[in-house]
Amino acid sequence: MSNTDNSLIEFGVTGSETEQTPETGTLTEDTQSIISTRGLDVWYGDDHALQDVDMDIPKNRVTAIIGPSGCGKSTFLRCLNRMNDMVETARIEGEVRFNGTNVYDDDVDAIALRRQIGMVFQHPNPFPKSIYDNVAYGLRVQDKPVNDEIIETALRRAALWDEVEGQLDKSARDLSGGQQQRLCIARAIAVDPDVVLMDEPASALDPVATSKIEDLIEELAEEYTVVIVTHNMQQAARISDKTAVFLTGGKLAEFDDTQKIFENPESQRVEDYITGKFG
Amino acid sequence: MATVDDLTFTRGFSAVKGSAFRLACFGATAFGLLALAALLLIVTWGALGLGAAHPVWILVVLTAVGVSTGGVLAYAGQDETFKLAAISSTAAIIGGAVLGVFAVIFLLIATPNVWAAYAGASILPAVVVFLALPRSRYRISATAAVVVAGGIGATFALGTLTSIAATAKPWLLYVATIVVPLAVLVWRGVERTVGRRQATLVAGGLLVAGVLGATRTR
Amino acid sequence: MTPGLVLVFVLCLLFPLGVLAWRRFQSGESNLGLAAPFLIIGGTAIGVLVANATGFAGPEPWLDWQFVTSAHSRHPEEAGLYPAIIGSFFIMMVMAVFAFPVSIGAAIYLEEYAPSTGWRGRVVQLIQVNIANLAGVPSVVYGLLGLAIIARALRLGTGAVTTAAFTLGLLIMPITIISAQEAIRAVPDEHRQASYAMGASDWHTLRRVVLPEALPGILTGTILSLGRAIGETAPLIMIGAATTVYSPPTTLNDSVSAMPMQIFAWAGEFIADFRTGVLSAGVLTLLLAMLSMNAVAILIRNRYEQEQT
């Protein structure tokens, strides 16, 4: 296995650096897309979970994906880092281009891909190891050097350092739910990925922990591309630059600047959903 | 709408059924425990030949056991830390005894010379390699490789190695292959956390106790 | 018992306690409670001394040092369990070396790698059902299998250590596989997902996440199955193990007896002392061996469950 671990596939050039992130909600025209999907279809057995999705996810922005439950938003997210590979019944067609490379090409290694696209899950899932070992996990798996400095930087970026300083040997299980989730974010960004995917990261947390996570996501967008799935429309409106709305049947109903989606959506069905008429 | 009758319903026949079931479950548990206790008691009685003992003798011993066990239990009831430590140390002693029986029987079957041949060819070099590569990524794999290579080497040179081992007394072989590496590893572990002096004391004590224990019981 | 072996036994006896005391010392916990078992043992010893000093008649134990260090004899006072004890533990060790890696490997494959869909999935399901059934097959049937295939077809010899070890190994494999599977299944899927999402391979995930978390459960299952194997008699009778041997086995091909076999032989002796005293001593030895292994297994599990919460 170590062979495949080391054969990291280089993904295409990341293009010219964009200027410093402007305020949330606005988008400059020169933003590049880092991930683009074309005609993406997903089936789970006979169930058509995602239908013909075309989407361009901008680099160094927060992209929110909203929609009613069962609309395929988590499925979409899991296509981006090929986590659906582990579902035996899943069948995927179409393209997901990450920096120009189709990640479903035969010569792309899913393991190498996931090293550049990190993920945070709905329920905080730290390993039953120490806080230090949790953050170091990705580095060790990827044969990268581990030192206290890298661990501290990751924990600082995840806004957790002040709360766990001096007790990194403690079990991650002793942390509160919100702290555990920030630890999971620290674990994901410790390996310095390009993109961080978040699957309803705050839905299992209380309001205070949620607002901390939201603040954190806005800060993360300065360095990373964040794609966040949420069922909470206010959250999407608060933190994202772009919003995609999936409606039933796994179809992308609308994808545009967050402001436009929430104030003046093109489609009537999206407006109904946003205003709470259904969903 | 719930009437008063609905709310007090569980005090009637249903309550009788519930407590009868609870009693039956308790009875089943108690029966199982009692049966096991009776079996153990009969076997222990016969195995220790307690039938030959005078009742006063048994009474005195039972009192001593009761007092010491009761005292420990009573103290453990008040002190949670003590209780946890007592449970883990009992487990450690039982586990150590099981481990000891397995180890002794293994060494009995292997015979000292064959054991010393394999241990000298694989375990001792492995400990050296393990200590020589403290922070290397290859520490574990190198140690494992030495163990395997040493084992294969010892199998081929078994005749020579056992004849060398036969020149030493068995207890000396055990001290050299078990006590010495253990003392080195303990020294290493203690030194890192507590300090060199304490480490030397602990490891040296282990070594001296090992040599004395092995020679004195002769 | 040579002095060297006494040394080894004492080292093994105190090793877990030493590790425990060191860990507690490092984390700054009080080590007072570690004395508890010694207090009880010491209290009992003082009680025996006092009772002997009273001058009243003491017991005449059948289970004593002589009993565990000598072989069967025509005189009950001189009879012992030594070759059978060695035989039993020898069988256990050979069995563990062969059965546990296979069982744990099978459990890992079935839980982590085996396909769950399509016709391959159905084959795996069939295997699963069969393992569950095998766990319930009477042990005497395994004895027949051992006699026909291991002793005769593979020519490992009737009543030899390897034959006994392989037969008992087959007997406990289904139980060990099932318990190891349960331990592996108990590792939350979220931890595997987290590991894969970090760019870990199957092997990394297994080695760094799944196995460390499942290890206490796997260990508990294997020790409990050792406890089951040590008491098995029927398969040993079927493969032609001797009821009584006078010298312990020293090689894998030696004729072997086991504790339950010797106990069974004593139950049919003509002299009454064999059927009462010696038999009880044998049973108690067997029970002590089995119960202490089970106690270790249960305590490992409890400790693990405490850490989980």
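Lettered A, B and C in written order, each chain numbered from 1.
Assume contacts are C-beta pairs under 8 Å (C-beta built on N, C-alpha and C of every residue); 3 or more make two chains touch, one makes a residue touch a chain.
Not measured: the values here are computed from a predicted model.
In terms of which chains touch, the assembly is arranged as an unbranched chain of neighbours.
With centres computed as the average of Cα coordinates, no chain lies farther from subunit B than A.
One inter-chain figure worth recording: subunit B and subunit C are separated by 13 Å, centre to centre, where each centre is the mean of the chain's CA atoms.
Subunit A and subunit C have CA centres that are 49 Å apart. Under the contact definition stated at the top, not a single residue of subunit A touches 2 or more other chains. The part of subunit B that touches subunit C in the complex is made up of residues 40, 42-54, 56-58, 60-65, 67-69, 71-72, 76, 79, 81-109, 111-112, 170-171, 173-175, 178-179, 182, 189, 193, 210, 213-218. Within the complex formed with subunit A, the residues of subunit C that make contact are 115-117, 188, 190-191, 193-204, 208-209, 213, 307-308. Residues of subunit A that touch subunit C in their complex: 1-2, 4-5, 81, 83, 86, 88-89, 111-115, 118-119, 121, 123, 125-128, 137-138, 140-142, 184, 187-188, 191. If you check the complex, the residues on subunit C that touch subunit B are 1-17, 19-20, 22, 24, 26, 29-37, 39-40, 42-44, 46-48, 50-52, 54, 56-63, 85-86, 89-90, 92-93, 248-250, 276-277, 279-281, 283-285, 287, 289, 292-293, 295-296, 299, 303.
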